[in-house]
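For reference, chains read A, B, C, D and E in written order, and residue numbers begin at 1 within each chain.
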Amino acid sequence: SSQKVSAVRLPLGYIPNVQFAPLYVAIEKGYFSEEGIQVELDYNMETDSVALVGSDELQFAIVSGEQVLLGRAQQLPVVYVAAWYEDYPVGIAALKEQNLRSPHDLKGKTIGLPGLYGASYIGLEALLHAGGLSDADVTLQSIGYTQVESLANRVVDVVDIYTSNEPIQLQARGYEVDVLPVSDYLSLVANGLITNEKTMEEDPDLVRGMVRALTRGVTYTAEHADEAFQICKKYVDNLASLTPEEQEVQRQVLEASIKIWQVERPGYSDPQAWQNMQDLLLRMELLSSPLDLSAAYSNTFLPE
Amino acid sequence: MTASTASVISLQHIQMTFHDQNGELEVLRDIQVEIRPQEFLCVLGPSGCGKSTLLRMLAGLLAPTGGQLLKADNQQLSVGLVFQQSNLMPWRTVLDNILLPLELRGVPQDAALQKAQDLIELVGLQEFTNVWPESLSGGMAQRVAIARALIQDPDLLLLDEPFGSLDALTREKMGAELLRIWQARRKTVVMVTHSISEALLLADRVLVLSQRPARVLLDLPVRLPRPRGEEARYSAEFQAMAKQIRGAISV
Amino acid sequence: MTASTASVISLQHIQMTFHDQNGELEVLRDIQVEIRPQEFLCVLGPSGCGKSTLLRMLAGLLAPTGGQLLKADNQQLSVGLVFQQSNLMPWRTVLDNILLPLELRGVPQDAALQKAQDLIELVGLQEFTNVWPESLSGGMAQRVAIARALIQDPDLLLLDEPFGSLDALTREKMGAELLRIWQARRKTVVMVTHSISEALLLADRVLVLSQRPARVLLDLPVRLPRPRGEEARYSAEFQAMAKQIRGAISV
Amino acid sequence: MVITIALFLLLWELLVLLLQLPAFILPAPIQVAERFVRALSDGSLLEHGAATLLEVVSGLSCGVLFASLLGYLLAKSRFLENVLQPFLVASQAVPTIAIAPLLVIWFGSGIFSKVLICALTVFFPVLVNTVVGLRAVPENLRDLMRSMRATPWQTFSQLELPAALPILLGGLRIGATLSVIGAVVGELVGSDRGLGFLINVGRGQYDTALVFVGVLTLVCLAVLLYSLVVWLEKRLLRWKLD
Amino acid sequence: MVITIALFLLLWELLVLLLQLPAFILPAPIQVAERFVRALSDGSLLEHGAATLLEVVSGLSCGVLFASLLGYLLAKSRFLENVLQPFLVASQAVPTIAIAPLLVIWFGSGIFSKVLICALTVFFPVLVNTVVGLRAVPENLRDLMRSMRATPWQTFSQLELPAALPILLGGLRIGATLSVIGAVVGELVGSDRGLGFLINVGRGQYDTALVFVGVLTLVCLAVLLYSLVVWLEKRLLRWKLD
């Protein structure tokens, strides 16, 4: 097309990883350039993407649903315009010997989690609630991102993890684990594309283009996992240098990720998931009052 | 106001009071001295009376708390100062310590080096040209300090007990050299010493300070003919002046 | 092997060679001296010949590179050393500097304080008891160092030009005090000085060292009767010995 | 002090006014003050501040203690210095995140690992300045002590310590300042207490004013510790200042 | 040096043997060596190492430059010191994470913010030691320079610099060592290049041997920089060592 090229910096909040395969595929296959977008992936770990998008320093970011609500509670005009993940990717894992069958089995356990904030904490709270437990029934230990090591060394009984990553790492190292994903008990809003109200109003085509490129990437990746993995090798540092066995693990991570992506109705936000998220945050007192949820997300930019 | 043309520096009613943790200490009281051009002035006085303080004032390191210090034609006198302690820079060799003043003035290397080597010979330290000051003996360090002051060829040479740690022989030799230089270049010299005979052998004028707070007890012109050899010591005039100075000191 | 009972310290064929960046420097060559108990020994010699080195050796700060240094009965002599530089601790007041040796020995506060105050009076620094060394004059600092050595009441008192920066009067007074203390306590004293008359007025024996490498040029017993007043200077014996020493130094 | 604070607030206001950044990126002083009062009244600031203070004080004391002990040994022995130096330098170059698993496995997720990280942060500057300080002790004063047959302990307490003090206190200045960040870095790795945690919570909830409250409290803690060292300096170095 | 390395490898092997930790927590030296060769041959180590080196060298130079300039001013003026000290202390107590958004907004996510964090890390120890060093210049030598009518520049270059050098070099030792971690902290916060990034990637992929390769390279970098300062010290402080 003859339209101008828009440069977009897209913060992902994490280092290059196979879990970002749809973006690599979308770049590689030219989905972004077809929309007249030149995207630059930003791997800053500690950048407050929501704050930067809210202040219009950036136009887009990939963040998790609860962050949108927390941000909006602070008057940040961010809007969730496309769901990438269908399932909330958090869960808990324990070695088989712990006999973890349902959230209720968490009672009395020592649970290691990165910290009392962020998606991991929210997912854990959802699980505890599903099991009819409260914080007082368990021992929470903030162990940073050392879940695999801590579980392997039995520093804690249970760890709070991303379902598509740590369990696979543990299994690959010969640890038999049980995993309870949050999504089995409650539907919550997971990672997706956000923008701000200003961009939405002033440049809806850009938003639409971003959403389309992303969702096409997700769909293509889900259908062509092998090819996507090969593309990842170009974008994910060190991936090509891993041993075949280690690469196989990463491959499994990709496949586990695909399973929890939104592929049925690409980009679609489920209102119930938003309601659930808000209820959870209110219960956790992370929100003090309900928000206008309809302003927090939009399905209007989704491709037909 | 400048000093009368007859003086290089004129000290007028100079007062100096130090303030420290124990309160005030009056060191100089109403010092009134004219230092004349090309004069060789020796200053004597009891330990702790204020001789070094006076010298530091002449060098411009210290401002009097009272009175006025006037310089001839307000000109910037170049000053060579030999401190009571040798005050060498431990990170410079003997040669480099002596070269320091010339370096600061940007004198060309070759000329400076020649001058420095001559002076090192004069103070008898050829063997120690490239030695760190730390391994010098007390007297050797003092000789380096003397060489460093002389190399500047200053308008005003201030010497604070420069020969204090030297043996009698070296002391006499250094005194004679100093005199030779002074006569050749005709600079103004102010020298603190504790030796009455040294003062009388070298000086045009001897100043005796009192106990703290120091006042000028005696301002004695020494009109002995030069050169003053060993035999000068035994002249009646010398002996009389020595006695007069000793008398003033013992007050 | 120990020194013969007649000696406190016996120096046998002592050699001292320094090694520095410029190679070797032979400072002492075959020094052979017996230091007898309760003796007052004065050491003279040209600047840089090795007097301070010898004293540092006696104090046990330096090991000879050749020969032997034997102590009577191998006993640990207590040593009081006045360095050529006053060597005060800048973070201690005058009083605390003088008290240091007693503190190290754990002498009770009261007794120590009394002693220190007596000595401060002796060296004439009452006004400066609580002053930092930095604001002392050169001579005052030297007197503090003397007081610090005396307060130790050591078996062996080593003095390196202790009166170098003092005026004639103070110098005489300090010499007299030193003599009084020495006579009362009968300690062994080794003192480096550049003044022949001072040596003759104080010492039992005078040692003259040669130019570097230092050998003993003259080992002269001074058998003048004590006390030696001002009039002793004019005795024929005194003059003869002074001449002899001067002769040795001028070699 | 008053000047400094006034200057600081002025600069801050100016920044807010000039840059026109939204409050969730750079809140105005008044907003932070308001949040501060809230955090104080609900007790969270005190709780987390106290936790960090405990870590800082323990870490700082341990760090200074070990650093000065080891510094003393290294100053005495060039051999030991040559052998150990690379290890000590290495201990400073390892990012905490890289050894976080080992820390958690060996020291648990409790206060101990935070104290350790804090102590490690403090360690090196204090060590280096101890060595430099002790090496700067004038040789002639050593001779003096030797001539008086001072014991090693006396030489240390009466000579080496006071002579090296200006430089040692410089090390302590640096150490005291760094100790705060050391403890917080430990908290950021994984903790449910302390100002680092509070900052993380604030960040997670886009409560930027709370982040600033946490940061300012940290800064105050650092300035307080630093001022303590300066006060100590004023007392101990009277001979230099008079 | 050889002793140290041998000692280090021995300790490491012992740790691995004694603790029986799985390789993804603590790999054996041989595994790390093998991974090192791999990272070297695929060019990633060189690329990321070079990126970090660039940040470290720039950050260190800037940090040292500004710290010594400011240190000079503070040493001359007690007033300036009293006013600015709290700010300087504060600059050390703010955790990078708390101001990450501001850093990104103001300095972007490129190399500049890393250099800045590195320079800030280096800054304080160098500053403090500059002040302590300059304050330790003997007053009598100042008098000497004054009596010779030395210009301020001459006083600086011929007196203050050499007299303060042992202490300044101590500050530089600390600064050089910390510079590495400073740059890496910047990279950990956000970057797609550098050893910090490599370590992060290794951690993310549970490629622990790579993490160790990254850490060891960092350590070597730090030891190298430190050794440079030691070498400089040996050359410049000949008068102290002879």
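Miscellaneous remarks
Going forward, a residue touches a chain if its C-beta (ideal position, glycine included) is under 8 Å from a C-beta of that chain, and two chains touch if they have at least 3 such contacts.
Please read these numbers as outputs of a predicted model, since none were measured by experiment.
Steps from chain A to chain E, taking the shortest chain of touch contacts, total 1.
Counting only chains that touch, the fewest steps needed to get from chain A to chain C is 2.
Over half of the residue numbers at the interface between copies chain B and chain C are found on both sides, making the touching surfaces mostly the same.
Just to note, of A-D and B-E, the chains joined by more C-beta pairs in contact are A-D.
With each centre defined as the average position of its C-alpha atoms, the distance from chain A to chain D rounds to 37 Å. Measuring from the averaged C-alpha position of chain B to that of chain D gives a distance of 51 Å. Here the CA centre of chain A is 84 Å from the CA centre of chain B. Each chain gets a centre from the mean of its Cα atoms; for chain B and chain E, those two points are 50 Å apart. Those residues of chain C in touch with two or more other chains are numbered 20-21, 85, 132, 134. In chain E, the positions touching at least two other chains are 21, 25, 97, 101, 105, 188, 200, 203, 240, 242. Among the residues of chain A, those in touch with two or more other chains are 48, 51-52, 57, 145, 149, 153. Taken in their complex, chain B has these residues touching chain E: 56, 59-61, 76, 78-81, 83, 85, 87, 89-92, 100-101, 103-104, 132, 134, 152. Residue ranges of chain D in contact with chain A, taken from their complex: 21-22, 24-25, 97, 100-101, 104-105, 108-109, 189-192, 197, 200-201, 203-208. Contacts from chain E toward chain D in the complex involve residues 1, 3-5, 7-8, 21, 25-26, 82-87, 89-90, 92-95, 97-99, 101-102, 105, 124-125, 128-129, 131-132, 135-136, 166-167, 169-170, 173-174, 177-178, 180-181, 184-185, 188, 196, 199-200, 203, 211, 214-215, 218-219, 221-223, 226, 230, 240. Against chain C, in their complex, chain B makes its touches with residues 18, 20-22, 44-48, 51-52, 84-85, 130-132, 135-140, 143, 160-161, 164-171, 194-196, 246, 249-250. Contacts from chain D toward chain C in the complex involve residues 140-141, 143-144, 146-151, 154, 158-159, 162-163, 165, 237, 239-240, 242.
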